[in-house]
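Naming follows writing order (A, B, C, D, E, F, G and H), and every chain is counted from residue 1.
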């Protein structure tokens, strides 16, 4: 039931074709999302540039392919599609559906880009502390791009060699939102956030061993950041960081 | 050593009053922040609208008053001042320095507003799940306002009574950034983030008892949010959430 | 806006006093809980026998008294009132509002009983393992009673002296719902659940020291119960256990 | 030794065929459960509708088959049999014992239904937040059905898309007991419990990654639920939730 | 109902003064502990030399005094009494009941010794690593003595100064059971257990700070002891260690 | 340097063949264990009945076989040998060294019994709560037997079916030391310890799932036991429990 | 028994006043530390420049004064004395013993300097991230100085304002050992260690709130440092860091 | 831009070929590490004897070989190369690049020694508590040697058999730095640190099971060491301990 349906209902009441009691009953049980909520939801998705997202992990290639086929069916739809944590077997299956599919081996993501509009106002910079953080960083990068943002990468600039980081001060200064991916002690977001005036989205990674406790050390480090423009997402949640950055960049 | 100093040095070299070797030596040990880094830092603070902030907890009223006096000294400075986690005794001491000081009893914050410019582009909405979360929510609210933002509050709309929340859909829809403060299970940010298309900054609080573990339950809930426009700050870090929201809102 | 309001609106449309567009606009923004949701909520509260509940901890006697006065105001209301985690000073303030207030010193609860109807179908038995668990057990007992249940207590029947427990087999067998309160190793719910065929609500308590970790040992013990008719509430949540037991007992 | 045996003993004493001392000795060492305890236990199992349950994990197909054969042996027994966490190899072995065995691929459960009596008074509704929670939800569903309950499923209604949940308000309202299965932030039980007046059994799942800590985040969220008709079972304990729900539903 | 009662019952049946059915009914509901279980329990307590124990913490001086008076009442009873975690105010109250009470200021224990029989076969040696572990060590010492054991103390022989410990090799070799109390890294039990051939009961203490986590570091160290004659009790449970040592020493 | 060496040294001094200074120097640097310490150590091992123990896990069959060959070499040695956490491949290799080797499939232990003397004074009873605890229980059983004790097993007597446990009261009462193995809530040691007057060594197992956290729930339950004759060893440390029980039983 | 005693013994043997057997017996039971071990220990303490240390916390002023008096008694002793975690009341009591006592209000330490020799070869630099870390940093500083080292402080150079730190590159480069004290995310040691080639001793502090978990976040950050010249001491263990730095600096 | 470049720039200014403004601009954007920072960094690496290090884990043999080829390319470079956590397949690939590669099977490290200069002033002694700690101990040993130190090993001297350790007192006394590797209770560093006057670097290992929690028990034990010359690195971080020891030993 959408706006038009409600209009019809009200006109039926006006015309006497529907009693007050009948209309009351129908309105009472009206799924409120049919009053526009679902649509607004839908519009919101479009407005945010949220790509349609499929979590590849735990699904068979056939299952993913079937979902992709369903998503591509509606005519006129121009959403980008993003499949996270996939692999080459899933990619092969998706490729049979559409030649537009592209595999990103560093992150295991698959994208089907149907809309190249850049909706984000600035550049999202994805920074990683070490080389082992790159898969998560790439997931953030691909997600941000799939949602209509210019996004760039800057990898392996950890805090124990500050001069590497310092060399990129201008690149950091040029970003509108920064996603900062780090494992181990998770100190990079604090250092970067102290150098810039934009929001820094920190992503702890589960790299490391021993007392890194699968990313907990980095997570706690980031939550306790002494910089006040840092917020944090879940361990290894590169996708989520890319989404948050995109939502901010499209404001 | 600032830009003018370097110009002078170069002119001394040109004029032959300083040998190449001497100039090299001085440039080599030049604190690089004197090349503008510190200044840029200062400008950044101004640009972000960061109020000067003093953490009141653990300081005597006399100490806080002394710091405030120092901050007010520079002529022409128009920063707002924010003292977090203070109390009435600190307020009394600060009030003797300046009549502009205002105490916010709900959060224990003190503000000295010298600059009423609204620099944030939209409204920051601070939402709390329960009444016991209000001190932290107020801290976020006061911080956001002190940094030049329009900020509004919406309290006691926890997820176990969704109808209360639903009533404020328009208020939620009108915000440019949302700070969402919740203790216990910390579910409110997920629910709200699903209703809007803007960034949601989640603040877990240490309210609750038993298996809330001083806010850990809420923190974990927020980090695992099934909504993808949520990022998180430290437990009870209302101030930090206000800062992050302000940085986003001023983009 | 309640049912009557919607009826009026529809009649205004019918009578032509309100245009279809105007009605549509009003219905669109209609807080859906005003379509009956809030009322249903209210009715549900009544149906469940939920007493109105005030958490006393952290409130001044004056604040509690004011809330009580507000709750007693609506004519015809017959809800029982329950104030948890209160003390004698709060009780004195509440007593000045109504002579019906009664203080329960073991749990620190205050009840104002206005409705003595027994709505629960059977008896709720509240069992505690040790004497130090009694405050939490009493909170469950008082809550269950305030919500219209027959509730009885059986204290100090810990598992290291099974014969004490065995003596009460019939009492256990007679209960329709059992609330089982235990600290330390939290083993009592497993033992009792193996002796009966009714739901056992387990409440871990924060009594104990060292590796009890404030009730975590008991909580984990209960969650890992080898009996399959046990479910668990938060550490020290006697009130919650009483509520769950009441909801079950009124089915 | 059962009631009849004791009667015989007493009659032997009466008849002088057994001396007082001999009878005393036999009664003293009488396994007390033979005085009726074991029988009551047995009767209780029947009364609760507890299916005979075998944990399949960690057993070979041959072992499970042997146990099933033993359970089916007693004449007149009409218990349903439930094998949890099994697989197709175990199913093949069980199928050779009885054609009545049925495999439930979503949960890995096997049921042998010999008694179709519906003993539960209402409907048990099993709700899941996400698709990855379905195996645990199905385990609860199958367990509830095997114990003689009408049970229905409602999947993928997580809190970040409330409109999906709202559409099923009537289904929720019609249930007598609700099992609510969720991973990640575990917020769904709080939201649902606020919408209904019946007991909600919350089951955290180990789905998720990073700071979900194998279901701990969801577990803590559920234990800290702000709704007071929620109780909790162990992580991934769909079977336990089905049992608790069945015990309640048969009251 | 004790053995004599059952004999009477059987004789009444024999004599026809009690019908078989009546006797059956009475035997069925016979609290099984009355068949001797409670008595055996009582005898066991005597046999183990368990002193009657009162936990002083959380009780008022009047309450403790009342319990002591009750325990002293039965004629002929010769149990020792032990009150743990008491203070001088409780001692004053107990002293008014009996002049035999003695206060142990190091551990806060009170003993009322009525039976000086040494029931333990050897010496229990209580060893502590540091001076701050002495209160817990003394609790173990006093408990062991109150239960009829020769017990000696050896304090401040931590592992970072092995020569101190080595000087007491003979004392260690002479003990039949060793209680070993240590905080911080909890290494002393491993070292001592490697030097002797008798059971070592390890007691972690909550002394220390930072990453000692209230005794968890010591507890884990002891549980992971590389010596195989070490078993462990709860953090700060000097009383429990004394009991375990006494039970072993009386074998 | 052993006793004979020291005697020779002293005689050389007496005979004037060694100066006082030379002797002093040699004695000063004398490895003190050569003064008898190592030997005493060796004697202690014999006295305790410690079998020579090899941890099989992580060693190749060839490595284990080589160690066994070395241990069997000394003439006259009559130690039993125990290899824990081995498998059939290791057993095959050991069997080639000695036909006396015996494999215990339930625990994965291998024993080589060369000394059948029973040195323990009573019976060690190994009790397990569930069937999945049996491998750990068997390890305790085999270890206790290899160290010269009579040891018996009593399995699957968990606390949710007390009548099973009650049936074995006499068996429990007859033991001199009890090893109690349990996973899940770890409640069995408390229940058993309340029924007997002998030391109970509690072994938590890592069976279970979810909030059992690999045996932590059982471990905490046991450390918090409300019975005072319980001490605890590491999770899954059946071997250690067997050793502790043996040391006690040989006192 | 010291070196002289052994010499006498050997001379008695030589002189025939002691039989070989008697001497053997005495040497066998010779506390090995009397063979020089204790003395070496004593010498080691002197050599390391370990000041005699008293932990003030938990001791009365009278107790501390008594220990100080004992330590000052031996003639010729020139150790410095260090009392950690003391207060002004303890200081007053110590001052009555010796006018040489000096109170350090920032750390609560008291020093009695009797030996001003600088034994450390270079400078120990104590760096702190924030102002709230200063008490712990001062404890390290005072300890290092009391043990005969040149030690300097550099405070409030946290990683969110790198330019502050960069300004002190030369000071950092000049140190032989660096103690680095930080709370919150504990990132400073990694950054500093990347700038220098000397050992960095990292001290996490318990400052902070929420997910700093009393210093655990900083501790984990430091343990996971991506720099390889960092080692760590316990949370708030400024004293220990000063000791480790001193031991290194005196090499 | 290096020193020579700056000299040229200054001479161009002097010669008037570059205006002051142009030079200012170039100097302003001068990557500060080009002012010598990177070079100093490079020199520091040489001075510390840091070998070039590659983490083998997670890299393919081809990848490692490629990096090694790159590192060997610069003429005149004499760095040693260290590849940690490698295996025989990686070794085969590296061996094809250079015959100088050597595989260390105990630790899985590969070294390419090009510089045999001993830069460390004393001996680094690597001690392990048990045989299962040897892989980590070997990693420390190989790293220390690759960085130009004399390093020796002393394995299997755990605290439950002190006499083994005592026999090596002189070896311990001769070391300039000690790396102490231990799992389980992690007590060895405390014991050793009490016997020597040099820095002890403690390395917890993840050996053990149950409540060792992957090395957490050992880590906590070491952080809480009662000896004050102990500092700690991450669990299993043999490489880091070797680095820290080398940095100290080269002072």
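Keep this in mind: a contact is a pair of C-beta atoms (placed from the backbone, for glycine too) under 8 Å apart; a residue touches a chain by one contact, two chains touch by 3 or more.
Since this is a predicted model, take the numbers as computed values, not measurements.
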Open item on the list: Over half shared numbers or under half: where do the identical copies chain C and chain D land at their interface, same or different?
Closed with: same
Task: Chain separated most widely from chain D, comparing mean CA positions - done: G
- [ ] Report, in whole Å, the distance between the mean C-alpha point of chain B and the mean C-alpha point of chain D.
- [x] 51
TODO: For chain C and chain E, let me know how many angstrom lie between their CA-based centres, rounded off.
DONE: 39
Open item on the list: Between chain C and chain H, what distance separates the C-alpha centroids? Give it in angstrom.
Closed with: 60
Task: For chain C, residues contacting two or more additional chains - done: 32, 161, 210-212, 216, 219, 223-224, 234-235
Task: Touching chain combinations (by label order) - done: A-B, A-C, A-D, A-G, A-H, B-C, B-D, B-G, B-H, C-D, C-E, C-F, D-E, D-F, E-F, E-G, E-H, F-G, F-H, G-H
Open item on the list: Touching residues of chain F toward chain E in the complex: what are they?
Closed with: 44, 47-48, 50, 53, 121-122, 166, 176-177, 196-199, 201, 219, 223-224, 228-235, 239-241, 243-244, 247-248, 251
Task: Contacting residues of chain C [partner chain E, same complex] - done: 132, 161, 163, 166-167, 170, 209-212
Task: chain F partner contacts - residues on chain C that touch it in the complex - done: 129-130, 158-162, 183-187, 190-191, 193-195, 208, 210-213, 216-218, 220-227
- [ ] Sort out for me which residues of chain E touch chain C in the complex.
- [x] 29, 31-33, 37-38, 41, 58, 204, 206, 214-216, 219, 234-237
Open item on the list: Residue numbers of chain F touching chain G in their complex, please.
Closed with: 3, 6-7, 10-11, 13-14, 16, 20, 23-24, 27-28, 30, 32, 35-36
